[in-house]
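Step one of this worksheet: look at the structure below.
Order of writing sets the labels: A, B, C, D and E. Residues in every chain begin at 1.
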Amino acid sequence: MDIATLVGLIGTFTLILIAIGSNLPGFIDPASVVIVIGGATLTVMTSMPLGRVLGLHKVVMKSVFTQSNDLKGLASKLVEFATVARRDGILALENHIDDDTDPFISTGVRMAVDGTDPQLIEKLLFAEIESLADRHKNGKAICDLMGKYAPAFGMIGTLIGLVIMLSNMSDPSAIGPGMAVALLTTLYGAVMANAIFLPIADKLAYYSKEELKARMLILQGVMAIQSGDNPRIVEQKLNVFLAPSERGGHEEA
Amino acid sequence: MDIATLVGLIGTFTLILIAIGSNLPGFIDPASVVIVIGGATLTVMTSMPLGRVLGLHKVVMKSVFTQSNDLKGLASKLVEFATVARRDGILALENHIDDDTDPFISTGVRMAVDGTDPQLIEKLLFAEIESLADRHKNGKAICDLMGKYAPAFGMIGTLIGLVIMLSNMSDPSAIGPGMAVALLTTLYGAVMANAIFLPIADKLAYYSKEELKARMLILQGVMAIQSGDNPRIVEQKLNVFLAPSERGGHEEA
Amino acid sequence: MDIATLVGLIGTFTLILIAIGSNLPGFIDPASVVIVIGGATLTVMTSMPLGRVLGLHKVVMKSVFTQSNDLKGLASKLVEFATVARRDGILALENHIDDDTDPFISTGVRMAVDGTDPQLIEKLLFAEIESLADRHKNGKAICDLMGKYAPAFGMIGTLIGLVIMLSNMSDPSAIGPGMAVALLTTLYGAVMANAIFLPIADKLAYYSKEELKARMLILQGVMAIQSGDNPRIVEQKLNVFLAPSERGGHEEA
Amino acid sequence: MDIATLVGLIGTFTLILIAIGSNLPGFIDPASVVIVIGGATLTVMTSMPLGRVLGLHKVVMKSVFTQSNDLKGLASKLVEFATVARRDGILALENHIDDDTDPFISTGVRMAVDGTDPQLIEKLLFAEIESLADRHKNGKAICDLMGKYAPAFGMIGTLIGLVIMLSNMSDPSAIGPGMAVALLTTLYGAVMANAIFLPIADKLAYYSKEELKARMLILQGVMAIQSGDNPRIVEQKLNVFLAPSERGGHEEA
Amino acid sequence: MDIATLVGLIGTFTLILIAIGSNLPGFIDPASVVIVIGGATLTVMTSMPLGRVLGLHKVVMKSVFTQSNDLKGLASKLVEFATVARRDGILALENHIDDDTDPFISTGVRMAVDGTDPQLIEKLLFAEIESLADRHKNGKAICDLMGKYAPAFGMIGTLIGLVIMLSNMSDPSAIGPGMAVALLTTLYGAVMANAIFLPIADKLAYYSKEELKARMLILQGVMAIQSGDNPRIVEQKLNVFLAPSERGGHEEA
């Protein structure tokens, strides 16, 4: 679970509430809430297929509950597999795959064990990675669109409020409060975009990049194992995916 | 038919009408409508060839009435064809193509049956996909341009209204209503761009991506059938185009 | 001649004049015209070589008077040439080239007839296309820059007007008209960019894409003829450049 | 140490303080500080993993304390190594590597001495460079995000201030000061983004580019040494990384 | 010397001075000049290494004093060299290189005469071109950054001015002039960016493109000479770099 997302979201809203303080009642206007949240959500529906929009909450949850990839653990596992394959033959790997093994490793290793053509293994694993990147992009796209249309409907709401206020200026003392209400939708749109959807889209992009990197590490590892590389070479090939501080002690060259 | 586009469009306008409520008469100004819609449409005419602009309604309709691609069905069909080709020879496929077959599959399979050079088949099918992508882009471009020029003419209309109002400030009580009218064109431009044309352009981009993906799946399938791949390999190659949840039960490796 | 460009430009200005109506005198301020048009043009002179800036009118004219490419006609011509080359040998093509032949076809076919190395033909024709794309980009760049600097000088003019007005606020009744004049430059800049230069840049980009596509079609055709392809294959290769509705009846596969 | 970063940062703030002058007390508002700095930092926490955000100060420090790469020195060192390898054989290089040698040179040369396959050396060194580029990008990303969200929270703070002020307009003399406070957050956001985080991100990008260039120089040098190139050829190959004024006197061709 | 840059710069400032007219004293505020020019320059110092910032005047001068490349002359020279090489052998070229020869041609031809491996010649010349492109980009980057930070400090100055003015609103007659002064920094920033630095960056980009094109022409020419191409083929290969109107009379095919 990503505590930072939660702290970030809750902290930002706490700060905003503190800044508003005792003026809170003046900041709550149901009609303004409806036009910004409703308008942005309905417009995202025009922009994307229904299924995607209905899955928005899952995408948001993902930004909180994603597990980080343990690149170092994956690299060790693959070096271990390379050692086994070198010592006992590649078929021996079958017994080392169990339910705890990363499914992408299992798929790759099983294809290698089955004697699938190496070029086909590489092509299939790579296509799988591209396909995953694509699904990630679609998830992020919903947040991007909410971040794009929320401020737009904030502005539309403010324009509507201004036109109404300016058309009925008989009572000058009503101008201030009228304008305050008109500005609320701009505020709502800015908060929705900048405190929720855009940063969540950033976090999803970060997780996507990390997960794709983990898959590329596995792809390199499986290809190295398949071609019978020396475990030390496998380690060297996988170490480049790790930050220098995470690298194993074996590597010295 | 894409119910989401329709719900999105109708819902957004309903929301805006509710927000305006009884002030509706103050929001309708024929001159403002003409300058924003007319100005944006005429400017798009300067930007694009006439034929494209006249086809705008078709492009908009497409965002409502496009049929989603059934990637899983296409994959099954191609695996079925691969099984037939493997069992009865590639010429046997001719009898399995009928009017219900996707025309892109028919074209590809017919070329394979005719013994066309595989590289030429791939080149032609790929060029066809690129050409389709190009036509899609042109359709979307009209919506993009409407979404770009509508707010610009909204601003031009507001500037014209402000200059007129500011030049005749003898009656202070007319300032409010004058400014209200001036702001209307900005509102119209913002609504046209953000509630109609930009989200429709987003949806068209989504459909284009889906359709190109379906074509790439077919291209891969035809090439695999042509080269006499084992149906199980064909399935593996096509499965990467599907979300994991849609994949067939055969795949286990 | 591209009637749409003309209709778009004239129509937009007619609309703007109608919106201004009887207030026209208040919208004409020679000093504001000079700072926006002069400032933008002089700044484009800083941005680009003199020759380019002086050729601006030619670029604008091109957006009105360009002839659309007849892709279908080009394809037919090349298929016809392929038939001749197949039947009577490639040297026979020399007699079929006359002054009506597209000069890019003539160049390509003449090189083929002269027995120039196919790779060199492809390289030279492709370099020619890239060079044309480059010249197109330079023409469009002037319009892009006018569209970028006109609003900037509109804003600069408005800031100058505001500073003058705010420094001399002794007579409150002069504030309105002073601000009206200050806003005029912003209006001029917005109109110049959005009603003239940006849409003309869009149209030039469109024409460039079409012309480059025609050249790519010819390149493919000449290479196919040179390599002695069957005319039916040549037709298939060129058809991918055409919209499905434009394709010839021969193609059935 | 990069004196320019320090001079730039301190100088800019000195200038701003001079411009504010004796009005300083009116420019300090703790609540505004909290919403802009706090809001931006918490939102970056939503956008990025916790570890990255906590490392922000290190990234900022790096923009001040990075050592420039001595490309000329690296090139000379590699030419010297090429001379040794040519004269005494590549194994002789082992004695020339010591703790002062750039670790990237050591890694590369050691692999060459160990007889590692040249293609593998190139692949590993290149992957190392890509991995470094990636780590650099992640460091810069924090500054980019601070530069993006600080102005956003500046605007959110101003909107909150305006709504509070407009809702309580009973005392007209309080409007000015109220609006002054409301604008403070916009000012804070603009200063944080434009005087601190965006320029630091620019500087980090510059350093990253320089360091990657140094690594590419080393990669080219190691590969040239490994393939037994004549030292003069090695020098020619490495000179292209240097500005003409930095190049050695040997080069004459 | 590029007269257009000079005319553009001087002309734009003349226009602005005319628009300001007798109000000039109200437009000069030393504190505002310091915050915009000083703030932008110091921030560029944070963004870039010191040496680059101190070289800013050289970069600006370059936009005025650059000599255009004579592509046609370069092409003729290379065709002439090809004729000599064909007739008298490549070694004969040595006598045709003198101090007037473009140094990039000399370098290339000398390597060819020395019998350097053609692939190495191409690699070295190409790396030289990339390295030049890189140096050009760095020069342009300073202007880009000035163009980015000048308006930012214009806005910061205006915000500071507004806060000071709004905090001391006891004398309503001081509001106008106070706001006039506050707007001055925005004006300065807009003029610095749009009349000086952004167009100069555009011009530098243009010159860079032209110079890189000249180098690519030379690279192609040297490679063609080295491989012993027929002078007519060399001319054809180089003509693609010239506009059709500049091409020599030889070319007829």
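The criterion applied here is as follows: contacts are C-beta pairs under 8 Å (C-beta built on N, C-alpha and C of every residue); 3 or more make two chains touch, one makes a residue touch a chain.
Since this is a predicted model, take the numbers as computed values, not measurements.
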Treat each pair of touching chains as one step and give the shortest count from chain C to chain D.
2
Can you list every chain that touches chain B and also touches chain C?
none
Distance in whole angstrom between the CA centres of chain C and chain E is 25
What whole-number Å value describes the gap between the mean CA coordinates of chain B and chain E?
40
Multi-chain contact residues (two or more partners), chain C
none
Overall pattern in which the protein chains touch one another (line/ring/star/complete/other):
ring
Cyclic ordering of chains (reference chain A, direction chain B):
A, B, C, E, D
In the complex, go through chain E and note every residue touching chain C.
2-5, 7-9, 11-12, 15-16, 18-20, 23, 26-27, 63, 68, 173, 175-177, 179-180, 183-184, 186-187, 190-191, 193-195, 198-200, 202-203, 206, 233, 236-237, 240-241, 243, 253
Which residues, counting only chain B, touch chain C once they are in their complex?
31, 34-35, 38-39, 42-50, 53, 107, 110-111, 114, 116, 120, 123-124, 127-128, 130-131, 135, 145, 149, 152-153, 155-157, 159-160, 162-164, 166-169
